[in-house]
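Several structures are given next for inspection.
Here chain A shows up in two complexes: once beside chain B, once beside chain C.
Let's look at the complex of A and B:
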């Protein structure tokens, strides 16, 4: 029993190891893309929320409230069903008949990215607010333009303040990619489900998937913490 | 806008609210009890107990909830002694599997919140109470718990909201909560935008109600704030 279980998740002839590893790679890729989209949306959201125009602030608040308030699975479903319908509609307007659908990777990454962007908005916003005003004024007094000021003073410090919270968001993005299994993307959880169905060993394969998620989270967590230490090396803390 | 369709859909989706709330409420209560015990373990004098609390929290925070649900719902059926035990009538039902997974998951996050809240109680107040001759349970009851409760409440309210959202995953193992009903309706009518938007609005409303309740409780617990 023990040996055969090991062979099943191993890399041998009848082992699922290689497929699971590839699926884990896809999970990691999906998480990275989602996080990157979230970073872009989060930056845009933070700019909106910090804007002096009330309407823009209102849009930013609407974005963060809605996408932090509704379950991720609904967003994924909405993109999955709605995305294909919208694309088909668009293609019909352009004169292409038939049914079109986006790859589930693209849909999933957009959906998770949109949710993660809402959380990242709050992170960037509060990090920016922690920045000392005196430093911005000092930069201006030195004759820095807006771009140089952003690049040399604002961005590095905001990023440093935001990093611990970003680390948490990264962990939750990594876990949320498991939702993409329900829209048919063969990532880690989906591949485990397939293996579990084929071998009738759900406990073994879901357990393996859990371990792989844990390892991915721990390893990336160690990386993020070392970056954090590196960025705060000139500080007393 | 197809108003008759929208109102009919809203009516059908609202039928899922009791199940969603029951899942969230039950998991919140069981999860809180578990969380309090784990937080107590994390403070223990004995290192192995502290480690086990750390491992528990790490395991449940480090893996996706969906994987936890699948392990409990599909995986536990494979274990002979579970099938033979008196727990099986419960574990064979999707509802109790969802409750178990949600409770265990939220307890890991709750334990961290409780630990942080207790750690935030000023040391000198504890020392002052000790100097007055308070010890053990009395110290906990009069000094530590009231302050920890006040400190941790906002975070726990946040966790309650995350738990509410997490209940939507129960729809994956066939439960007909708001998300489950929405999915079935979309499969039937293909009108995904309207249906999922209404479902999302229902979750937003529920989250708003929770936030208001937590806020009111916070005001009630503020020193001298009982009005």
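Let's look at the complex of A and C:
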């Protein structure tokens, strides 16, 4: 039993190791894409929420309220089924009968990215508010235009303040990719379920999956903390 | 300290560097500036004095458009700053113009405002490279020279948080002069410093004045203003209450309110 357990999660002929590793790779890829989409949406959301125009602030608030307020699994469903229905409808209009579905990776990553973006919006917004006004004024006083000011002064300083919270958001994005298993993406959880069913060894495979999630989270966490230390080097505290 | 030497002047008045006409600034119901006129000529060292709330810092910040005046005219380096009306105030009409003018007007802040994520040398090199678009290697030499000028060459690799306030302010001065500005604005440059650090900053400013640089200084350092300025401008409640040479004003009897203000400060100091 022991030997066969090892063989089952290993990389031999009977082993699921290769498939699990590929699935873990897909999980990591989905998490990276979701987080990157979230970073873009979060930046845009923060700009909206910090705007002096009331309508733009309202749009930003609407976005963060909605996507932080409804369950993520529901967002994934809405995107998957809603997106597929819309696509099918469009294809019918264009004269192609039948049912069309969108690739689950794209849909899933968009859905999780949107939710992550809502959380990142708050992170960037509060980090920006911590920026000392003098840091920006010193840039303005030298004649910096908006783009230079943003890239040379505001972005690096905001990122430093945002990084601890971004680390947490990254960890939760990594876990939330498990939701993509429900729309048919064979990521780590889905692959483990398949293997558990085929071998009737659920504990073994779910336990393995749990360890892989933990390892991925810890390793990336170490990376984020070292960036954090690098960006804090000038703080002297 | 010895009085700063004026540079050799050509005959006739020196060209105007900054001209403010009827400048007002209002925040809601609060009128901070109620029509300030000032013409600063090349080579002048003008100290702007006044009690807190007299509008002196706001006025200085209007000169490089960190504050946009509510009304009035502003000419900087021969260019009239273009505004457009907005509500019952003004907005900057041409940000390109303002950025260009700002790059020729150095500013030193009360709280130093060095960029905390950049080293001393990087702080000084930042604007020449990223605003003036100049070559990194040639800028580096000039930045090091500017740091040497303020006695901070040996701290080039430090971060601002590792320096004392006086050292940070000297770096901020180097950051301003490396741009070779036509005029330097100082907004209470020693007010945030511990008393024992004030002298090192005033010394650098004194040397800059002696070079014949055009400077506008908002300060509470009465002795410094008296010894270094070519002109004193005394603001009260958002208006120029009195102005003249330090000799004329500090002798007393020219303006009653100024005399009260000075004696108040001398008692405190």
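Keep this in mind: the second predicted complex is superposed on the first by the 233 of 237 C-alpha atoms of A that agree within 3 Å, B and C clash if a C-alpha of one lies under 4 Å from a C-alpha of the other, contacts with A are read in each partner's own complex, and residues count from 1 in each chain.
Everything below uses one rule, namely that contacts are C-beta pairs under 8 Å (C-beta built on N, C-alpha and C of every residue); 3 or more make two chains touch, one makes a residue touch a chain.
Quantities reported herein were computed from a predicted structural model and do not represent experimental measurements.
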I'd like to know which partner A:70 touches here: chain B for first, chain C for second, both or neither.
first
Does chain A have more residues touched by chain B or by chain C?
B
Is A:145 touching the first partner chain B, the second partner chain C, both, or neither of them?
second
Once chain A of both complexes is superposed, is A:181 in touch with chain B (first), chain C (second), both, or neither?
first
Regarding the shared-chain residue A:203, is it in contact with chain B (first), chain C (second), both, or neither?
first
Which partner does A:137 contact after superposing on A: first (chain B), second (chain C), both, neither?
second
Chain B versus chain C as contact partner of A:85, first or second or both or neither
first
Overlap of the chain B and chain C footprints on chain A, listed as residue numbers
none
Within the complex, which stretch of chain A touches chain B?
65-66, 69-74, 77-78, 81-82, 85, 171, 175-179, 181-182, 189, 193, 196, 200-203, 206-207, 209-210, 213-214, 217-218
Taking the touch rule as given, give the residues of chain B at its contact with chain A in the complex, in rising order.
58-59, 61-68, 70-71, 74-79, 161, 165-166, 168-169, 171-172, 179, 182-183, 186, 190, 192-193, 196-197, 199-200, 203-204, 207-208
Can you check the complex and tell me which residues of chain C touch chain A?
64, 66, 95-96, 99-107, 109, 111-119, 126-127, 130-131, 159-162, 172, 175, 179
Which residues of chain A touch chain C once you look at their complex with the stated criterion?
132, 134-135, 137-146, 148, 152-153, 156-157, 160, 231, 233-237
